[in-house]
Amino acid sequence: MTAPYTTIIGLEIHVQLATASKLFCGCSTRFGAPPNTQTCQVCIGMPGVLPVMNRRAFELGLRTAVALNCQIAPFTKWDRKNYYYPDLPKGYQISQYDLPFSSEGWLDISDPKGKIEPRRVGIIRAHLEEDAGKSMHDEAAGQADSRIDLNRTGTPLLEIVSKPDMRSPAEAKAFLTELKLLLTYLGVSDCNMQEGSLRVDANVNLHVHTPDGNVPTPIVEIKNMNSFRAVERALAYEAERQWQVWQETGQRLGQVPKQTRGWDDQANVTRGQRHKEESSDYRYFPEPDLVPATVTAAEVEQVRAELGELPAALRTRLESTYGITPYDSDVLVNQGRELVAYFIALADGAGDGKAAANWLQQDVLRELNARDLSIDKFPVSAARLAELIALVKKGDIDHTRAREVVFVEMLSSGKSAADVLREKGIERVDESELEALARELLAANPKILADIKQGTTKAAGALIGQAKKRNPNISPNRLLEICLAIAPGM
Amino acid sequence: MSLTRADVEKVSLLGRLLLTPAELERMTVQLGQVVDYMNLLAELDTEGVQPMAHAIELANVFRDDVVRPSLPREQALANAPQHDRECYLVPAVLGE
Amino acid sequence: MTLLEKTATELLADLAAGRLSSAELVRACLEQIERHDGAVHAFLRVDSERALAQAKAIDERRARGDKLGPLGGLPVAIKDLLCDRDELCTCGSRMLENFRPPYDAAVIEKIKAADGVLLGRTNLDEFAMGGSTENSAFGPTCNPWDTTRIAGGSSGGAAACVAARMVPLSIGTDTGGSIRQPAGLCGVTGLKPTYGRVSRYGLVAFASSLDQIGPLAQSAEDAALLLEVIAGHDPRDSTSVPKEVPAYSKSVNKPLAGLRLGIAREHFAAGLDAEVERAVREAIKVYQSLGAKVVDISLPHGKYGVACYYVIAPSEASSNLARYDGVHYGHRTDVRIMSEALEAERAALEHGSAGRAAAEAAVAQLDTPLVRMYRQSRAEGFGPEVKRRIMLGTYALSAGYYDAYYLKALKVRRLIRQDYDTAFKDVDLIVGPVTSTPAFKIGEKSDDPLAMYLVDLYTVSANLAGVGGIVVPCGQSNGLPIGLQLQAPPFEEERLLRAAAMYQRETDWHRRAPTLA
């Protein structure tokens, strides 16, 4: 049975741009400073102050918009969004209204595990604005007052608004994951959700399938989602809630005012937020204290040329150049630009992309996670690991020993694979020696020999332990192959 | 009359002013006169005229992304009507 | 001639020659203020100790042979709208009665660096909103020529203190005529520079796209001296134009040959006082006698100027003044009393006879404590004219009205600018009246905001277009000064000053001072 409705999801993402100073003044944007120690007359909005736009913030915004395939406006201006809130000291937020610097872009999403269909999600616009401060209220302590910290006030934000193109919570999550990855590759934000560098609001409604066609339900905006998982859960909850409401009331889009609901992560529910009618009249008008900005087509092309290879293109290249699976390329690319560079050096050095991908995912990533390291701090260079992979390929050492003995030693000592092999006396055992050993063992174990002859080839595995005792350097696989080859003739 | 008392009351909330009934009455009359006068603008044909938000033709004015010292906290908070050692204080902000 | 009848330029020569010390001059100013400011009320605050200390320090440096800045110990009065870290900045408002900025405005920095002595803070219409200085929360400034009359505004204090010879130089601001109109009504010289000529950093904003800071003084020569100090690019003001500052004080006395003066027929239409018209036409004859050619021009959209201005200026103001909400600085209502009042309102609604559902709906519409704190604080902190303009601007920007008022006004603004561009193809300067009548009686228009706004008819267009203008005294009517306004293309302050100085070499209206009781 098909679902009785389609979920329609659009996202609004606020990203703090990775500038050193605020959007309109020289105060630091560093997170975690004691309250009200990173403010000045400009970001407090004291009488008489004026904003001056941070060039870097504009450039980072531009870079992101170009990477999101947006149209870049040749002329853009800033506007004031007027509303009263204690964490907004000027009584208005400097933002962009009718002429944002970018519009009409897209981002492709897919999932190698096949949980969602590939989809192109449209971007309505991306614009620059300033962040507000924080109001803190400790109800538990019975405080009569709220406390206001303006450290965050004036931090540059990029607001990215998607089209309502997503059809499930999983797609929303995939979009966010891909967007975060893109932003990370671009180096425009640290995307730390815990520190508020990336914040997500969602607009969601249903298209209910009826015999008379699809009927849209009222759109609800969801706020307060503090992780991608929370976004996914909140959207799932909200779709189900709206379905219940539809069944009870039959309310359609336009019949009730747009509602804002907050996600309660503990209770796993969304709750309606107080919303006065007048509060949405923001009285936008052009910011008289800032002049417009212009961007030429040549400047856009320059930005495009300097973007570097972005995740989607990189995945395709890794798959075609190194013959790895979409799943592998996804895992590698999702780890970031530095790890991909390591992979490429490893695959090129070892001359085997597939083996490089396996080593990276099984051994390197495990070690990075266990030690909580980033790849640039990893003790074994790509060149040295490539050397080890090459030795395994050549048959100088078997894969298991390479991982368990040599790699472990390389990690702790920083030595090269060749040095470890030499020190440990590991060397290739030649074919004639292997064959002699195989004959000897088969002869000494007539039961096993008989089993093999009768077709129970796995019986040969029991010989490995004995073989290893005799000569730890033997390749178990090769020995087995030889045993199976010579047994019929014995 | 272009402006009603209800309009004025609504605008007073938007502009965060509390007007007494007498002020509201007077404001309705006075603003009404001014707004009527402004309707003079309507007689001009401005089809195709670019709005002029600035008196100057400057564009692309930026500053470098350089951190400068912030105000000492005591100075930042010095003019606040109510504050503790760290923060500005306001009547409880609850779900607004 | 007494000391304070001298112009700033003359006083500067005396200071440089050692015939006068800055401390002596400051003392003379303080005595004049002491004697007459009770009647005039040009100053909100005078910090005599600080001024004398500054003057003495400058005198000592001069005695040591140090090179001094171009103001060389001359006292300057500052409109109480510019931030000075050593001063309160009240903006003529209860809202900022105790506000002490932690920083200096660009213009204050420049005056300090130029060795000007900051004498005191002058009165103004609250947040510069008004044309009479009657809107000051601290009482009106009176016209030194007739203290029952207005000094003009909003820089009423700035004009009156120069007119009353309390200080040789003063700083005003002009958003719709606030330097030129009081200069005209008080009989002093006042210049509104081109938008972008002087940094607005540290000027408490009224209408950001219109505000400009400028000098008031006895003569064009003096205005040139002060403008040269305060003009110039400032990276802290994005709308400040990176253009060289000419040496105004060097060129001011060079006459302009072949001057073409534009006379806009709209400036001499019905409503212009006959005496004012006569004085202005006399002044034009003086120019003609100096070889100027008069050209009839038209500024066809000028008549929309006031309507356009009273949409744009209040709109910007409604946003600029949103920051005064009783949270980060400025006045906050007594929250305890406010909360009790709010509770009483709630109780009244709940026990009203309207029925349960209606009562609940009414209670839901009641302000939250935070919203009420904002509204009550602002109601207490702002005076009636500021409230009117906040209301007007909020209305003009609100949903449903934006296109009809604000956007329309921005388009009309472009047409007004184009009028100037067209006119300046044929003329070097536009000459005309600054006000339609001499100073009116205090209280005369208090209850009629629209009549008050229409006073700005001849001045608002320059702000909308962003061009500069200067006003010089050009006559009197029943002992009240009349001003002549000259307007020039953008960044032609030099032309304005030279033309004004030409006139002042031929006349002595600017040397006349009122007789104070």
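As written, the chain order gives the labels A, B and C, with residue 1 at the start of each chain.
Following the convention adopted for this analysis, a residue touches a chain if its C-beta (ideal position, glycine included) is under 8 Å from a C-beta of that chain, and two chains touch if they have at least 3 such contacts.
For clarity, every value in this text was computed on a predicted model and none was experimentally measured.
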{"item": "Graph class of chain-chain contacts, one of line, ring, star, complete, other", "value": "complete"}
{"item": "Comparison of A-B and A-C by number of C-beta pairs in contact, larger one", "value": "A-B"}
{"item": "By mean Cα position, the chain sitting nearest the middle", "value": "B"}
{"item": "Centre-of-Cα separation between chain C and chain B, whole angstrom", "value": "21"}
{"item": "Whole-Å gap between the CA centroids of chain A and chain B", "value": "41"}
{"item": "Distance between the centres, which are taken as Cα means, of chain C and chain A, whole angstrom", "value": "56"}
{"item": "Chain B, residues touching no fewer than two other chains", "value": "13-14, 16, 53-54, 56, 58, 61, 63, 71, 76, 79, 82, 88, 90-94, 96"}
{"item": "Multi-chain contact sites of chain A, meaning residues that touch two or more partners", "value": "41, 44, 46, 52-53, 84, 86, 148, 150, 281, 283, 285, 288, 290-291"}
{"item": "Set of chain C residues in contact with two or more other chains", "value": "99, 102, 209, 235, 238-239, 318, 322, 325, 327-329, 370-371, 374, 394, 398"}
{"item": "Interfacial residue positions of chain B with respect to chain A in the complex", "value": "10, 13-14, 16, 53-54, 56, 58-71, 73, 76-77, 79, 82, 84, 86-96"}
{"item": "Chain C residues within the chain A interface of the complex", "value": "82-83, 89, 91, 96, 99, 101-103, 105, 200-205, 207-209, 235-239, 315-316, 318-319, 321-323, 325, 327-329, 370-371, 374, 394, 397-399, 402, 406"}
{"item": "Chain C residues within the chain B interface of the complex", "value": "98-100, 102, 195-196, 209-210, 235, 238-239, 241, 301, 304, 306-308, 310-311, 318, 322, 325-332, 335, 339, 367-376, 378-379, 382, 384, 387-388, 390-396, 398, 404-405, 407-415, 417, 449-450, 453, 463-466"}
{"item": "Residues of chain B that touch chain C when the two form their complex", "value": "3, 7-8, 11-19, 23, 27, 30-31, 33-35, 37-38, 40-42, 44, 46, 49-56, 58, 61, 63, 71, 75-76, 78-82, 88, 90-94, 96"}
{"item": "Contact set on chain A toward chain C in their complex", "value": "41, 44-53, 80, 82, 84, 86, 89-92, 148, 150, 281, 283-285, 288-291"}
